[in-house]
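Residue numbering begins at 1 within each chain, and the chains themselves are lettered A, B, C and D in the order written.
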Amino acid sequence: MRAQEQVLLKLNKLTKNFGGLKAVDVFDLDVASGSITSLIGPNGAGKTTVFNLITGIYRPEAGSIKFDGRELIGRQPHQVAKAGIARTFQTLRLFENLTCFENVLSGQHCRTCSGIMSSILGTSAQRREEAEVRGEAERCLKLVDMWDFRDELARNLPYGYRRRLEIARALATRPHLLVLDEPAGGLNEKESADLMELIQGIRDSGITIFLIEHDMQVVMGISDWVAVMDNGGKISEGTPYDVQHDARVIEAYLGTDNDDDLYSEASQAAGQRDTNVPDNKSYIGNTAGSAGEESEGEDRT
Amino acid sequence: MALFIEQLVNGLTVGAVYSLVALGYTMVYGVMRMINFAHGDFFMIGSYLGFTLVSSALLGGAIPLWAALIVVVVLSMAGVAIIGVIVERAAYRPLRRSSRLTAVVSAIGVSIFLQNAVMLIWGPRYRAYPPWSVPSITWQVGGIYINFMQVLILAVSFGLMVALYLFVQRTTVGAAIRATAIDHDTARLMGIDVDQIIRLIFLIGPALGAAAGVLLGLYYRQIHFTVGWTYGLKAFTAAIMGGIGNIPGAMVGGLLLGILEMLGAGYISSAWKDVFVFLILILLLMFRPTGLLGERIAEKV
Amino acid sequence: MSLLELGDVHIAYGNVKAVKGIDLVVNDGEIVTLLGANGAGKTTTLRAISGLLRLQSGVIRFGEHELQTMPAHKIVELGICHVPEGRRVFGTLTVEENLNLGAYKYRNDPGRVQSGRERVYQLFPRLEERQRQLAGTLSGGEQQMLAIGRGLMSDPRVLLLDEPSLGLAPKLVQEIFRTICEINRQGVTILLVEQNARIALRVAERAYVLETGRIALSGESLELRRDPRVQQAYLGVKEAAGLS
Amino acid sequence: MAERMGGYLSKWGLHVIIGIGIIFPHVAGNYWIDVAVFWGIYVLLGLSLNIIVGEVGLFNMGHSAFFAIGAYTTAILSERFGVSLWLLLPLSGLAAGVAGYILAKPIIHLRGDYLLIVTIGLNEIIRITLLNNPWGLTGGPNGIIMLDQFRIFGYAIQRPIDFYYLVWAFVAITVFVLIRLQRSRIGRCWNYVREDEIAAQAMGIDTRWAKVVAFTLGAAIAGATGTVFAAKLVVISPESFTFMESVILFCIVILGGMGSIPGVILGSAGMMVLPELLRNFAQYRMLFFGLALVLMMIFRPQGLWPSRRWTTILREGEGE
């Protein structure tokens, strides 16, 4: 069934080293057009590096990235954006001292063309374009339900809204593929639920979604396809259900050690603590807890 | 060949002075990420203090001339170190949390203030160290001439640089300086009083600058209240060449700059030597954007 | 018995309030954990205790001292040590230099520094093997060991640990937490901030749950683990059930 | 004009200021009119540097190099070939702009302080080159004497009052152009680059291009200002284009408030007019001036008239 779907983004034998350390190691993945595809894996597995390779921030040592049939390797980040891939960042990168409206306007830059002269002269073409740009920004802000915040500086927004604003900004580039790096990081349950709805809405509007996420509730709830990464390589992929029951995935997340002795020691110290350890499988649902704010590349640079 | 070696020795002499001044720039930058534009003026004040001390009765002959000169250097260093600490407290500490450019303008204000203060105290005209302040001894080594001042400059500069290097690399306080340069907050968590470290930096840097000022005053004899800018700019260039924030870098950068300058003067023309130096700087930075020994800064994404 | 006490602590970054009135008590000898999502104010609270942040209002009491106006280095001298999130070892310094800096307040007492290092090497033998190596070349787990070891060098009465499990493989997390229990047994009181609620609630006696700058829940770890709200929000129990 | 300045001033306030500006030279002495002329020239230079430093956040401390290129282009072409100043105005701008483009292209990727020293280096290279009188073009340290003036239907603009109106007319035009740019796609993209370069790239902005455009435009405006300066000063020599000059321009932008047009106008007043006002203190005036700069930064780090956004960050920086 999967073979029949149209592939929008095709990663083929992607490899990236940082000073001898293989961050991404012969990684393959297809992202089907119109799907929500998730990339999961423990911290340091290389997920964010894959995103940085796709969006042109890093250049791979080997492999290819085909987007809609065209090769992306060698393109600058702004060219990738122009080609139709928009992204958000794990550690938010908003234009902090600009208003929400101005933040979203930035997405339209690569879809417009007025230059210095027409801006100075205020030609009719320029004014028309400006009106369109503003209209589009308004649409994107309203889409994420943030129109009321349009004149607020990005830095003054509550955390949850900052995440949404970044998505709105990315949408303003009118992408075919939206790449989200831990969109639910730091959100509470209600905010995560709203976010899932938002992401599904975006997908339904025809934009393919590729995301990294630690919150398994989000991943399993909305993904059509899940790929699992560990140590730079893909260890499993499939539907959410398949992945959850893959022994290799459970191992990657949990390690194989039995951790009973830790707790018995701890309980000796405390006197009387519960040593009842739940079985490994349920732990998967909890990896939300280990979602870090750190960038993955850190250990490697 | 003789010309080459002669210019090399001249270059090393001037370069050693640049290194001393560059150390002040680099240490302040390393710890505070700030360019202290007033640093050249510490150098200039040092040369004026030295001038006053030399002209006074100090060189009366009670102690040998070279020892008296060392005393002059030490006293000037102490005087300027006090000024350095005062400047830090009054003009920089209140700005520590503001933007870096704010601190740059404040430093420029300090520089204008110090220059004019010196002008009011010592007068606007050129001053000259008395001719008897330096013994006119010249040695001939393998076909080239080396004079007393060159030996004194090389000995004092290298002595100070080795001492500084050992202090920073081998002592716990030195490690605290390096730690503060890496991360203020974590340094504070170690129990390091960051304010105290910064005060220490503003004691050492200006003191080294003052030593350079006295030495160069003795070497060229003529001093003026505006030379701080000229030499400050050279030393700043040296610090950047070596990789700003890096202590061995400042030493290497200073020596390299001195040698380049003197070779440029010898082989091209002294009118164009600074053009030659800046061209090399620009070329260097085009290929090594963070200087010779500067760390590679890879921005975290 | 309370060793460290926070009373109605408020903290803001600019005009964004991060902590809105926290009361918290840590008793001598305990392990207490502070749980909550990203941005709930956990790290901010620790930074306020260690003097890196100023309070808007409130009191932080440590024994007979009031910490809220004290500079960070004085707080270290009193015996509170904060091991920051993300390890923050000094990468271009050697392991040994890092440890020595941890004992900065004993810098004039080489014997004390020496014995401190021996204690750390006993807890983390791997650090001894690498004492001459630059800290930046250590693996993530080793860096975490170094960060904790460096903290212990000041011989603290209270250790503030911020996310010691962050970015570590599960096996290493267990190793680190085993050592944390060991340190506690040696008499060091521990205030632990963790996102990994499951493991934190196992080693801690009591826990506070922060939500957007306020304490939402608090109590014995045992009770909290059975509290359905905690199970749902932090342990994923509901989802776990849904999975299988 | 009035409606465009509306973002900064009430319409009424603007009219009053324009009114005062028109009346001023009729009540003031020639000395103060001259001060106002130089103020205007520094406003033009400050505005041009503000594009680079304030809008895009590039540390350029060698801006007087472009000013020099413009002034020398004017002086040389006017004296040797008798080219009219009205023609030289765009020509000098073009020359400086082209120089800016060529010089900026290979160095624009440098970060903060490294770019700062390179621009200082360029400034020095150009100043020393002018000083060394290559091919006998620049007249060495004595410079070039330029006798031609701006002429309007044969009327030579020579008196201070004429210059006053000329310069401030140029200021008005430049302000108009810059406000248009600030509110356009180009101006916005400069701010995106200043705020976060990586995010700007991810939004599809060619940040290198944006920076080079800003640098070129800033250099061009400074170059055109060089023509006005040459006409006013008569003697063009390297000492007008030193590193110190660039530092003053840099201070104007920061003192006024980065990215703020009225800030530049006030900042130049601070850097040019304040020392004149301090003349009563005779030899102490520069001492006070240095002190004033420090105090300004301590008590008003966001600048005299900050643009809206910069206020917020600096205010919060203080509070922490």
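By our rule, a contact is a pair of C-beta atoms (placed from the backbone, for glycine too) under 8 Å apart; a residue touches a chain by one contact, two chains touch by 3 or more.
Just so we're clear, the structure is a prediction, and the values are computed from it rather than from any experiment.
**Student:** For the interfaces A-D and B-C, which has the higher count of C-beta pairs in contact?
**Tutor:** A-D
**Student:** From chain B, which chain is the farthest off, judged by mean CA positions?
**Tutor:** Chain A.
**Student:** Rounded to the nearest whole Å, what is the centre-to-centre distance of chain B and chain C, using the mean of the C-alpha atoms as each centre?
**Tutor:** Going by mean C-alpha positions, chain B sits 43 Å from chain C.
**Student:** Just the number, please: Cα centre separation of chain C and chain D in whole Å.
**Tutor:** 52
**Student:** From the C-alpha centre of chain A to that of chain B, how far is it in Å?
**Tutor:** Between these chains, centre-to-centre, one finds 49 Å.
**Student:** Got the chain C residues that touch at least 2 other chains?
**Tutor:** 14-15
**Student:** Which residue numbers or ranges of chain A touch two or more of the other chains?
**Tutor:** 57, 89, 155-156, 298
**Student:** Listing for chain B: what residues touch at least two other chains?
**Tutor:** Answer for chain B, listing residues that touch two or more other chains: 301.
**Student:** List the residues on chain D that touch chain A in their complex, please.
**Tutor:** For this pair, the touching residues of chain D are 177, 180-181, 184-189, 191-192, 195-196, 198-207, 213, 217, 309-310, 312-313, 316.
**Student:** Please output the residues of chain A touching chain C within their complex, sorted ascending.
**Tutor:** 42-44, 155-156, 158-159, 185-189, 216-217, 220, 244, 253-257, 259, 261-263, 265-266, 269-270, 273-274, 281-286, 288-294, 296, 298-299
**Student:** Quick check on the complex: what are the chain C residues that touch chain B?
**Tutor:** Residues in contact with chain B: 50-52, 71-73, 76-77, 81-84, 88, 90-93, 97, 100-102, 104-105, 107, 150-151, 154.
**Student:** Name, in rising order, each residue of chain C that touches chain A in their complex.
**Tutor:** Chain C residues touching chain A: 14-16, 31, 37-39, 85-86, 139-140, 163, 165-171, 174, 177-178, 181-182, 184-185, 194-198, 202-203, 205, 211-212, 221-222, 225, 232-237, 239-244.
**Student:** Report the residues of chain D in contact with chain B in the complex, numbered from low to high.
**Tutor:** Going through chain D, the ones touching chain B are 53, 59, 106-107, 109-114, 116-118, 120-122, 124-125, 128-129, 131-132, 198, 243-244, 247, 250-251, 254-255, 258, 283-284, 286-287, 289-294, 296-298, 301, 313-314, 317-318, 320.
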